[in-house]
Amino acid sequence: MTTLGVFNYWVAVVLTMIGLYLVMASDNLVKKLVGLNIFQTAVFLIYITIGKVEGGTAPILKEGFDVYSNPLPHVLILTAIVVAVATTSVGLALVTRIKEEYGSVEEAEMRKQDEE
Amino acid sequence: MISSHLPALQVVLPLISAPVCVLIRKGLVAWMFAVAVSWITFVIALALLVHVVANGPLSYAMGGWAAPYGIVYRIDLLTAFVLIIVAGMGALVTTSAFRVAPGDMSRDHQNFFFGIFLLVLTGLLGITVTGDAFNLYVFLEISSLASYALVALGRDRRALMAAFQYLIMGTIGATFILAGIGLLYAVTGTLNMEDLAQRLQQVDDSRAVKAAFAFIVVGASLKLALFPLHAWLPNAYTHAPALVSAFLAATATKVGVYVLVRFIYTVFGGVFSFETMSLGPILMVFGLCAALVSSLVAIFQENVKRMFAYSSVAQIGYMVLGLSFASHTGLTAAIVHIFNHAAMKGALFLALACAVYRLGSVELSELRGLGRRMPITFACIVIAGLSLIGVPLTGGFVSKWYLVSAALEQDLWLVAAAVLVSSLFAVVYVWRVVEVAYFQSPPDGKGARCEAPASLVIPTVALAVACIYFGIDTEPTVGVARAAANELLASIP
Amino acid sequence: MGLALITPLVGAFLIWICRVDADLRESMSVLAAIVLILLVCSLFPTVASGGRPHLQILEILPGLSLAFELEPLGMLFAAVASILWLVTTIYAIGYMRGHAEKNQTRFYICFAVSLASTIGIAFSGNMFTLFVFYEALTIATYPLVTHAGGEAAKRAGRVYLGILLGTSILFQLLAILWTWGIAGHLDFVPGGILRDQAPPMVIAILFALYVFGVGKAALMPFHRWLPAAMVAPTPVSALLHAVAVVKAGVFTILKISLYIFGIDLLADLGVSQWITYVAAITILVASLVAMTKDNLKARLAYSTISQLSYVVLGATLANSFAVVGGALHVAMHAVAKITLFFCAGAILVASHKTEVSQMQGLGRAMPFTMTAFLIGSLSVIGLPPFGGIWSKWYLALGTLAAGERLVLAALVISSLLNVAYLLPIPIRAFFAPPPGDSKTTEIREAPLACMIAITVTAFACLALFFYPQPLYQLLSPVVNLDGAA
Amino acid sequence: MDPPKGKRLIVDFAVILIPVLLVLTAAALIWLHNLVAVVMLLGFYSLLMAGLWVILDAVDVAFTEAAVGAGITTVLMLAAVGLTGQGERPGQGNVLVALVVVAVTGGALFYALSDLPPFGAADAPAHTHVASRYLGQSMTEAGIPNVVTAVLASYRGYDTLGEVTVIFAAGISVLALFSRRHGDRKN
Amino acid sequence: MHEFAVLRVATKQLLPFIWLFALYVQTHGDYGPGGGFQAGVIFASGFILYGLVYGVGKARRIVQYRVLIILVALGALIFSGVGVWALFAGGNFLEYAVFADDPAAGNHLGIFIIELGVGITVAAVMTAIFFAFTGRSH
């Protein structure tokens, strides 16, 4: 499992980079939000990986188990996921309104329109 | 019984009121309710300040779980000081929202507006008052999410784009902070700020801590719109409804600065921040750039809201510059400026709200003859503008005085000169507005006197008066700021 | 003393109250001026006998308070300003009515507020208070400068505000902060507060910052605002830009030299020497520029720039004679220059002429005005029997005491240049034949109110020649001159 | 209590496979320009992530991620894409700046993560300080065996109140944004 | 969607189970994975499914806009109401321990109620947002 640990962190780093890249390099607003989602989940992955204890199980107390993974990061990330979906839905609502006003969801296109 | 629960009520009151407000169907009732709530919130903030000044820092364990196991509210002088600013601005702005400017925002769903507004207030108060790093993130998101919506309510369709941009940048910033907090948790096992501070001392040469520091500082800088991460701010403030700009300009970025201060001094400690990470020069460079470049950019704006938005970026540069000196004077300057800038920007944007109410737009050309048409509004703009420039006997002078003193203390007199140069830029842009409003004759047929309704004008005047009052009687602001700076610096072992 | 500060403000308020009735409004203005003179004069005996009335209003930050303390220089300045305010008010009534200016209420209010600021400068007991009123004066005079409201006025207003606020914020405020950092307070103390507190290099930089920071002294290269401000109505040019504003500038420099640095310190370190040369150059260059100006007010403005540097010289030469000369020049030049401006205004009102070249033969139509102009010119040049001679005399002594022969030469040359650009005006007015057009014959003297004012100041020029003693005695304790004279 | 061998093999296999798939899925998004496909892929990504979290013992989180990430988010995104159009115009953004920012952020994160306490170490500070009390005492203090719920609702119940407030904020924000019909505002 | 009769029938059969499952997750969060948030999402997905299959217009008629808004606010109020109740019961904000003599029992009660609040708000918000989006196109 140790390889998984290091591996997980690498994955988180790569996902962070991909997510951030999508946010910044995409011109399409929906895709920006997709990137934002990936960026956020990558950070969540870090938390969850931190919370893992070797040989532990899910932190639901049961007879016969005495090693549990850390519940705190799970709690935090539960909250963070909710925050993420809230952000996404507001973002999508904005995108929809933007489409209605501009007729487009491409950033360059809108900038062009506003400059006219 | 109530008095011992004030720290919780400070945040919980607006938090509970937001859903209630949404349930109220009549806009007028919703307004009255929001006004009552925000003023009670302000009174609570005052009571907290009085308490903290008299008895020292205050803690409150949420759910009765003591730190570090539960979430703890902790109020020291700086907290109480920022609470006053946020709650005070909240009270003034809700009051002035009696009739939301026609055309500025849709009139139906006023209850939603007030609900969302109270949520921003809740979030900002929660960020300020909490002593728990993750709880800070949660309330940061409450305030941010609600602010995105408020910005998007602006009349112009560009408000939507501005809000979206704000959402993207704000979320990236918050996620950076989240990542930083995660790293801190990994090496310390705690989320409580004081506990973090203690435990970090044993691991502060760890690379994870250094990276966490970088993430949190960058994240906070995004939130407080530190140059060059400020791109979202001018758009958001320009296109948001004027009242919203007033509230956000006066509070949101200030709370961002507060978060930065909290982390730099309380969590990481001044020694780590300024010696190990040599944060000082970095902040100084960016703060100076912000002050100079944004002031310069502000000069060339034709939309007055955008002009003052850029000026906000510049003023935030001052605060960050104050922090960068890592000295008592510098910190005092930053804290005092948090207050004074809130007063002057609040007054300016509220005055613009008055103008929008009557004129529908705040393009510079629309403000022609404002001096005659809306003399009170215009007087407020002049007073707040003078404070922005830093003319003596205004609040802005006091903060600038401390800022330049802090620079001179360390023989950085080029920095001092740069600060003064940027105030010269402020002279130029403020005077552009004054000139147009004062000398050019009003557009045809619009010469009559037409002040905005009293509910809008009175808060504006109150803030303008505050700009002057706290420039003359500096004891309330400077006294608290100095004591708060003492407290923060004392936490350095 | 507090009353003296408040009087003009109360006056401004009363003017606002009486804004509907022009007569009442203007009599309020006159009344305020008279009360102010009485108040200022009532302080005179105290100060002359060595008293130093003190008044602290509030402390903004530690070592940073609004406080007033009256000493001889301030007394002199306040007296000159308040007396000339009365005269100017009378003059303004005639001028503004004769010229049918609009927004007269605003004009009188700003005028009164400017005066309040000027008195504040004169009375200020520390550098901070002085700075506050210095800025207040700039801002209060801005609406006066841009009174006409046209494009040219706006541009002029921009230059005015830009240079005055710019220099004061950038240099003066920096210097003040620095001084505060070094000395811990900003009080005006005879002998200065900086001795042994900082290395000479710092003192030198500070002094330069102060001198250039006081943009109102119009030391080159920060003189551009003064000609620009000439777009203002003539009473404004007369009182503010020959007396209140510019004299506030040089007064500030005198105060700083005497009470922040102390002339002994300046003399010992020699830090002010190069500024002496800047001042000398300003004197000469401004005089030369004045010769090229055809617009009468512009010519007078450059003349003012030149004359202001006399006072700066007085401060930077850093010896007793020079300081007394400089201080005297504040009064002497004020009276003479205001006479000239009054005449320029009278000419404008009566004949609508602004250019020197148009004024040939005007002496026949307006003999009285032109005679007064001649008197003013002679006083500025420094010829007996007019007051101007005394200040120049002491300044000359000062240059000798400091061993600056080059500067002495500059003074002499400048006086010759004065002759060259001022005297031709009355001479041509009297002796050149009027241009052929018939209009000239219709020109009469300006309104009575104007004439009264002109007469008073012209006589003052004369009186100051015969009775400079009270001024001299008032000033001598400042520099312990009793022995030397 | 070691799990049976067969299950372990599957877990070991999944442990390698899921992260690889995650990266591949995410990377594919960069080059995919049909937004419907992008959204579907994002849903798949969320499912994968949920799987990974099950492996990491975060069952509650995995459950939520599956319901929210793969479920609600996908539905909302599809609805939005339905309203805004499927096509994306590729390659218009500011790629260079993005690459620099991405590289710096990734570098910083890598720099930090490679210095964290060893993965899964039971004596890491993250597990020994606050968390140990939750695991040890929640049964007596909060009376429920699911420690995640205990912490979520009680020890850090205030965070959850914040979370509900966030959802509430999102809800009324969306409704407020949509309160206006198309074309209500002018330029 | 009228052609897909199978889908419609299946959905109708499925819905009770979805909501039942939601209830299970809601109440069972103390013992296994799940809780108010997950339950709320599942509950909302029932409506979403209904809306997708039968058309949003019909779904909206079943759940009125106004009712949704009341529910959105209600959930949040239940949660914070529990906190305030704790204040009146003599504890700190959200201190469930004061609800019963035994702190664990008090906590159990408090957690149950607040999870209910979470569930209500989440379900209502998710449904409302879905309706908002789908109500947009036509």
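Side notes on the structure shown:
Labels for the chains are A, B, C, D and E, by order of writing; each one numbers its residues from 1.
We adopt the following convention: contacts are C-beta pairs under 8 Å (C-beta built on N, C-alpha and C of every residue); 3 or more make two chains touch, one makes a residue touch a chain.
These numbers were taken from a predicted model, which means no experiment stands behind them.
The set of chains in contact with subunit C as well as subunit D comprises B.
The minimum number of touch steps separating subunit B from subunit E is 1. Between A-E and B-D, more C-beta contact pairs join the chains of B-D. The geometric centre of subunit C is 79 Å away from that of subunit E, both derived from CA atoms. Separating the CA-averaged centres of subunit A and subunit B is a span of 28 Å. Per-chain CA centroids place subunit A at a distance of 5 Å from subunit D.
Each chain gets one centre point, the mean of its Cα atoms, and the points for subunit A and subunit C are 70 Å apart.
For subunit A, residues touching at least two other chains, in rising order: 16, 20, 29, 46, 50, 58, 60, 72-73, 76, 78-79, 82-83, 86-87, 89-90, 92-97, 101.
Across the assembly, subunit E contributes 31-33, 37, 69, 72-73, 76, 80, 83, 93-94, 96, 122, 129, 132-133, 136 as residues in contact with two or more other chains. Residue positions 59-60, 64, 68, 72, 76, 79-80, 83, 109, 113-114, 116, 124, 126-127, 130-131, 134, 139, 145-146, 148, 150, 152, 154, 156-163, 165-170, 172-175, 177-178, 180, 185 of subunit D each touch two or more of the other chains. Chain pairs that touch, as defined above: A-B, A-D, A-E, B-C, B-D, B-E, D-E. If you check the complex, the residues on subunit E that touch subunit B are 69-70, 72-74, 76-77, 80-81, 83-84, 86-87, 90-98. Residues 58, 60-61, 64, 128, 131-132, 135, 139, 143, 146, 149, 154, 157-158, 161-162, 165-166, 169-170, 173-174, 177-178, 180-181 of subunit C are the ones that touch subunit B when the two sit in their complex. Only residues 31-33, 37, 122, 129, 132-133, 136 of subunit E touch subunit A when the two sit together in their complex. Contact residues of subunit A toward subunit B in the complex are 16, 20, 23, 29, 32, 36, 39-40, 43, 46-47, 50, 72-73, 76, 79-80, 83, 86-87, 90-91, 94-95, 97-98, 101-102, 110, 114. Residue ranges on subunit D touching subunit E, taken from their complex, read 59-60, 62-64, 67-68, 71-72, 75-76, 79-80, 82-83, 139-146, 148-150, 152-154, 157-158, 160-161, 163-165, 167-168, 170-172, 174-175, 178.
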